[in-house]
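Below, chain A partners chain B and then partners chain C, in two separate complexes.
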Partner chain A sequence: MDWKLRRFGQAAFTVWAVMTLAFFLTRMMPGNPVDAFVAQVGPQLDNPQEAYEMAEIYMNINPEAPMHVAYWNYMTSMAVGDMGQSMSQNAPVAQIMAEAIPWTLFVMSWAIFIGFAVGISLGALMAYWEGTKFDTVLTGYATIITSIPFYVLALLLLITFAYRLGWFPTSGRRPEGVTAGFNLPFIFGIIHHAALPVFSMFVASGVASLTMRGNSIRVLGEDYLRVARLRGLPDRTIAVRYIARNAILPMYTGLMIAIGSMFGGAVVLEEIFTYRGMGYYMIQAVRARDYPLMMGAFTIITIAVVIALLVADLTYGKIDPRAGNEGNDAF
Partner chain B sequence: MTITGSDATADAPEEDVAIRLRDTSVYFGMDRGRSMVLNGVDADIRRGEVLGVIGESGSGKSMFASALLDAVPEPGVTTGEVTYYPEEGEPVPVTDLSKAELRSLRWEEISMVFQGAMSSFNPVVTIRTHFVETLSAHDYDVDRGLARATDLLADLYLDPERMLESYPHELSGGMKQRVLIALSLVLDPEVLVMDEPTAALDLLMQRSIISLLEEIKEKHDLTIVFITHDLPLVADLADRLAVLYAFEFAEIGPAEEVLETPAHPYTRALLNATPNLSAPLEEMRPIEGESPDPVNIPKGCSYHPRCPLADEECQQIDPGPYDAGADHDVHCHHWEQSIEDLDVAFEETVDVGTRPSAAGRASGEPVVSLSDVEVTFGSANDGWFDFGDDETVTAVDGVSFDIYENDVLVLVGESGCGKTTLGKTAVGLQKPTGGTVEYRGRDVWEGASGSSLSDDEARRALQIVHQDPGSSLNSHQRVRTILEQPLKRWHPDLDGNDRRERILGMLEYVGITPPGDYVDRYPHQLSGGEKQRVALIRSMLINPDLILADEAVSALDVSLRVGMMDMMIDLQDSFNTSFLAVSHDLSNARYLAEKTGGRIGVMYLGELVEIGPAEQIIHDPQHPYTQALRWATPELGSETEETESPIRSIDIPDPKNPPSGCRYHTRCPEAREVCVEREPELVDVGEGASQPTACLRAQDDPDYRMSESITDDV
Partner chain C sequence: MTDDHTETRKRDDTNRMDELVPDDPRDRVAGETVRSDGGTVDSPFETTSSVEETRGDRLDRFLEGYARTPWSIMRQDWRALVGLSILGVYLLVATLGVYLVEPSHPADGPQLLGAFQNWEYPLGTTSSGRDVLADAVHSTPSILIMMASGALFTIGVGTAFGVVAGYKGGMVDTVLSTVTDVFINIPGLPLVIVLATLLSDWINNPVALGVLLAIAAWAGLARAIRSQVLTIRNESFIESARAIDLSTRWILTKEILPQLMPYIVVNMVNAARTIIFAAVALYFLGVLPYSDANWGVMLNTAYEAGALYRPEAYHWLLVPMVAISGIAVGLILLAQSLDRVFNPRARARHQGGEEEEPMEPETDDTTDVMQV
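Coming up: the complex of A and B.
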């Protein structure tokens, strides 16, 4: 219990530190966003002084207030979910994010799920047939696919299947002219639009399959496996309870990190497919020097990583008894 | 084996045989050729007996065990016959069974306990699951099976409920080993094959498990094949002993006969090479040479390259079993000569006498002096964002001793007692959290930052030889490079030729010849004994004052240990070095300490409980824990056999939470109420030489005399 509290404390501390850092960078860095904002907006206004007030509306930072007051105001508004106002989209940052995040989640979670599922299955088969042609060919394939950056694969897929063959849409996230809702054409349309982005993240399966192969081979050499065979356990029990479980366990943290970093990974992908998710808006924000939107996106990415790692830590003990719930009970 | 015994042809065994092996071989195909790891073995395992199989590492003993269940790991191939004779019914040809038939033979009829109990359990499921899945895989009634498991666990002095609910990592090594024994017996097999079941355990645990085995065997009517490298360990337990050498049986016969009148030269040499507590030191001799390579077994008798009696016949003809008495077969052409001549032959070469005792040397200035040293591991609560409790283990708790010039001190104790930590602290590799370590009167940690000594002189003077020579030598460097490094660092004035001369000289000195050939080898091209010698030279080359030998001989074969220890003693003499040795094995400790007139220090849960001259510690131990260690050290043919265990509980208390008062009171047979409350000081109770002991009883404390015993109500 103590350990869980401590872990929560660390997570909260990380989030707080990132927000604080964001505040001070925004406010104090030479050529910082607030100054830039004032310099950018000020001359266009009748009363340049209004620029300062606008800065507070957009970024929650009042450049004229004393530092501690500005900091307090910034942190309290962040705490209630007010991340300021986007300059380029002309809408509250929180609202843009809330609208974009589900799409990113949808694409990325499928990408991660399929990547890991395929990777683990292939890795298990490769280990089972270790040393055979199947293993050699697949290991080669996995090595190659791992070394291809996903955006290169994304471009190749886009050119081939969207532009040349026309099987998939070249951009967008939902079909045109279909009522949004729980109806078949709409669901099909969403999947149709998401297919290429999902499959370009397939490269992750390469790493997963190699890891799984290595882990499985290690487990295959363990004494307890030999004892289990001598004890006459059915092959299925050995495969599932002994090999698969022990081989997949070490990959769990990797999976959680992949989930945590999926918003970050979505940036380039969504840009390529003009898929209007979080990453897409982030690029837009950078292009338009839309600091509030950028800051909001960064903060959300940080929080996502922190939460994913927290979940990984807290649940690891549940799936691996050796880790224990106390964290330091293991050895 | 070309010549077979007279009775090998009969189909039905006239004696009550449980498993019969005929010309059984196991081989692995390798690039270098066929690796014969069991070479045409004949053996009968009789129903209801305990057959002790003794062999050094690489003698094929694990393959023998696996062959009994046809469980040789792939790609090994088993040939020849292995026949299992059930009590009722037809003989079962084990090597010809289908997969399904094997499945029902293993564990139901012939069961096995492996060497690595630590890793014999699936780490992610509970012990109960292990039992349940075994029972249901063999279509046994799970409830009745679990009831049986509960009985078995209780018989092994375990708490069944706790064990069943535990995960493997929650159990100590000794517990796991006992649970594994229970698991192997849960289907009520006829035969139990145990492959080094106690090798990884502490002395006390080893001995306790051996005693338990005797009870279990009686109760469940078992036939046990007990395979080990440790001859004295099975000496009491076994009815018959079989000695494996180079993948063949050298000798097989009734245990007493094999021990008292061994017929094979190897058995005789092995007995002489085994350190023990009672035999005179002069009779312990190492066996020259090394065990053969399985790819290239010598022609004729495989022992002939190491045998003092070898002649042409031995080089040409594989010796068949000769009858060396009733029921006693030996594979040696000259077994009669061996019985008559060999011991005498050995005695002639005796030349080492014991040296003056440490007491004489203790007068001078100590080289290293530890006072009230304390080492604590783990993190205390460090405040900020740390909501955890203190998680500290005190590995060493207030230990003081001095090491003099040319001195030998051996620390013994069970694993986790802090002996290695204390050793490392003494040579400045571990910073003490309390107390001081002084080298020639200077505090070695003074002015040191971080975890390394700032005093170059002290750093050079205090060296270490690790337990595992394989991992303490850089595998990517040649022997030359490994040995040059310390010279370059500490003797920069030497030029390349001088260095080379010095290295070659040292290698030759420790018997690695020709040295010119060895300096260009990589560590993996050396044998275990050679590696350990290189590691020893590496520390010797810089002329240290004190070497910590951390279990320096534990990883070596029995037949090489005495040789290695002789070498250490020899080097100590020539180089005027002191040794601080750490060992879990009282026999090794005795050999090293007694031969040099050194001392033995006994540690228990971070405290030094008794320290004194080797003879006194071995022959007149004062502390009950030392007495227990003495009991646990297996003896060859000693008549004064204590069968009663001198410890009240088998398992060591949790070092995170040591018992109050005298830490040994939870296991001590003499504990009284005062021991629970008062922590005994180290007080000299020796007659003659000094022998400080931390025991109220040994000190004849008045409080102890008045106090009530607590041994009955535990």
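Coming up: the complex of A and C.
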């Protein structure tokens, strides 16, 4: 229980740290967005004073207020979900993000799930048939797939399956002309649009399978496995309860970090597929120098990762009974 | 019976050590320390090291550990050979190739010439008439510099945070681990994009960009190293170092760091790959300011020119893709073979470079100790 509380505290601290970083970058860096905004908008207005008010509307930061007051106001408005106003999209940042979040979560959770599931199964098979031709071929395949960046795979998939073969749509996130809701054409259309982005993240399976292969081979040589065999346990129990479990647990830290980097990869992926998720809006904001939307998207993506890692950590305690007792040493 | 010398015997280079000792050191001390306790010849506390290690010996041991043995293992590993040759080709391109291939400018050649059609432009030209091969070659040096600076910064910061946090423990550990955790939770690419946008004035050279990319990459390594140090710090040799009052700095750099070296080297190679992928992604997205061509910029311009649906422009897109994947293959193969180099079993087979059995005397000694 104490460990869970600590873990929640750590997640909250991270969110606070990211918001503070966002404030620091927007307000205190030399040549920061707030000053730039005032310098740019001010001269165009009849009353230059209005620039300060506009800055506060867009970025939640009043350039005239003392730093600690500005910080307090920024943090309190973030806390109630007010992330300012987007300049390029002409809508509140919170509204744009709320509409984009589900799409990113949908694609990335499937990508992570499929990538790891395929990687771990392949790794187990490779270890099972270690030294055979099957193992050699798959190890080679995993090495090559690991060396392809996911965005290169995304471009190749896009060229082959969308532009040349026309099996999948080239861009967008939902079918046109279909009413949104819980009906079959709509659900099918969404999956159809998400398929290529999800499979672009397939490269993650390469690393996972190579690690899984190594771990499984190591476990196969352990003494307790011989004992399990001598006890006459069925092969299935040995494979799942003994080998798989002990081979997957050490990969845990790696998988956690992969979740973070895959969510980060959404930025590139959504841009390539014009998939209007959080990452897509972030890049649009960077191109338009729309700082409120950029910082808002960054904060929200980070919070999504923090929550994903928190959930992963808490469920890990259920798989590995040692995690709860050892506290934070069980990284 | 020789229990007092087991420490020296246990060294890797047992055989050579024995040859270096001209006369048995026991002869010298035998007369003074014979006790009536049944045959123990001298007190184990008086003999710290029976052999002075000269500078030459130390250099020899260093070469043995870091050059000869790794080389002898890698020579027999196709992964290492292929990986090193791939990286060597990139290095050659970055140094010699830059002088051999003229830099390209817009309207140098025909527009969108395909690859392998005109030997003046072996890999074809872009829609503005730039030579694709020249662009690819001339982006290699900056990419390699970026990779090196990023990888070094990643392992530097990651190792420093991990080792200090793991060894010191307590308050220092809490603070450093909290910082590490915050950085693990922040997704790398978005953070780098935000920083690159807001600090664009300062990121005007490959070294600075490499360091910026490393900001998002060091935390995972720091966490992994911390947990390794947690196990090492309780080993007996660290405990003895603490007991004889060696400074923390000494223990960290001379006792703990060498233990972590294999792990750090392998991770440095992996970090280099991460840095390249991230750098090219950022250039591809067009969020970094750039002055000259590089693989990411080439991808970006090709994408913007509609290369995805124009088969006549495929070569323009494929060349940078192959360049990135090629160097990544080299790095992965190198990392895999380095993993083998540091594997103690493979090491033992190759130690000394001969077919002798260095494990034998050591096992004898251990059984001796057990019996005494």
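Please note the rule applied: the second predicted complex is superposed on the first by the 308 of 331 C-alpha atoms of A that agree within 3 Å, B and C clash if a C-alpha of one lies under 4 Å from a C-alpha of the other, contacts with A are read in each partner's own complex, and residues count from 1 in each chain.
Quick note on the criterion: a residue touches a chain if its C-beta (ideal position, glycine included) is under 8 Å from a C-beta of that chain, and two chains touch if they have at least 3 such contacts.
What you see is a predicted model; the values in this text were computed from it and never measured.
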Clash or fit: chain B and chain C on chain A? clash
For A:305 in the superposed arrangement: first (chain B), second (chain C), both or neither? second
Which partner does A:110 contact after superposing on A: first (chain B), second (chain C), both, neither? neither
Based on the superposed arrangement, let me know which partner A:143 touches: chain B (first), chain C (second), both, or neither? second
By the touch definition at the top of the document, which applies to A:267: first (chain B), second (chain C), both, or neither? second
Should A:10 be classified as contacting the first partner (chain B), the second (chain C), both, or neither? both
Which partner, chain B or chain C, is in contact with more residues of chain A? C
For A:128, is the partner it touches chain B (first), chain C (second), both, or none of the two (neither)? neither
Could you look at A:71 and tell me whether it touches chain B, chain C, both or neither (first, second, both, neither)? neither
When you line up both complexes on chain A, which piece of chain B, out of 296-304, 512-520 or 620-628, runs into chain C? 512-520
Per the definitions at the top, what is the overlap between the chain A residues touching chain B and those touching chain C? 10, 13, 328, 331
So in the complex, the part of chain C that touches chain A is made up of which residues? 177-178, 181-182, 184-191, 193-195, 197-199, 201, 216, 220, 223-224, 226-227, 230, 273, 277, 280-281, 284-287, 299, 303, 308-309, 314, 317, 321, 324-325, 328-329, 331-333, 336
Taking the touch rule as given, give the residues of chain A at its contact with chain C in the complex, in rising order. 10-11, 13-14, 17-18, 25, 29, 31-33, 143-144, 146-149, 151-152, 155-156, 158-159, 163, 170, 253, 256-257, 260-261, 263-265, 267-268, 271, 279, 282-283, 286-287, 289, 294-295, 297-298, 301-302, 305-306, 309, 328-329, 331
List of chain B residues in touch with chain A within their complex: 69, 71, 73, 103-104, 106-108, 112, 114, 116, 119-126, 133-134, 137-138, 167, 169, 183, 385-389, 391
Under the definition above, what is the set of chain A residues touching chain B in their complex? 2-3, 5-6, 9-10, 13, 222-224, 226-234, 237, 241-242, 245-246, 249, 320-322, 328, 330-331
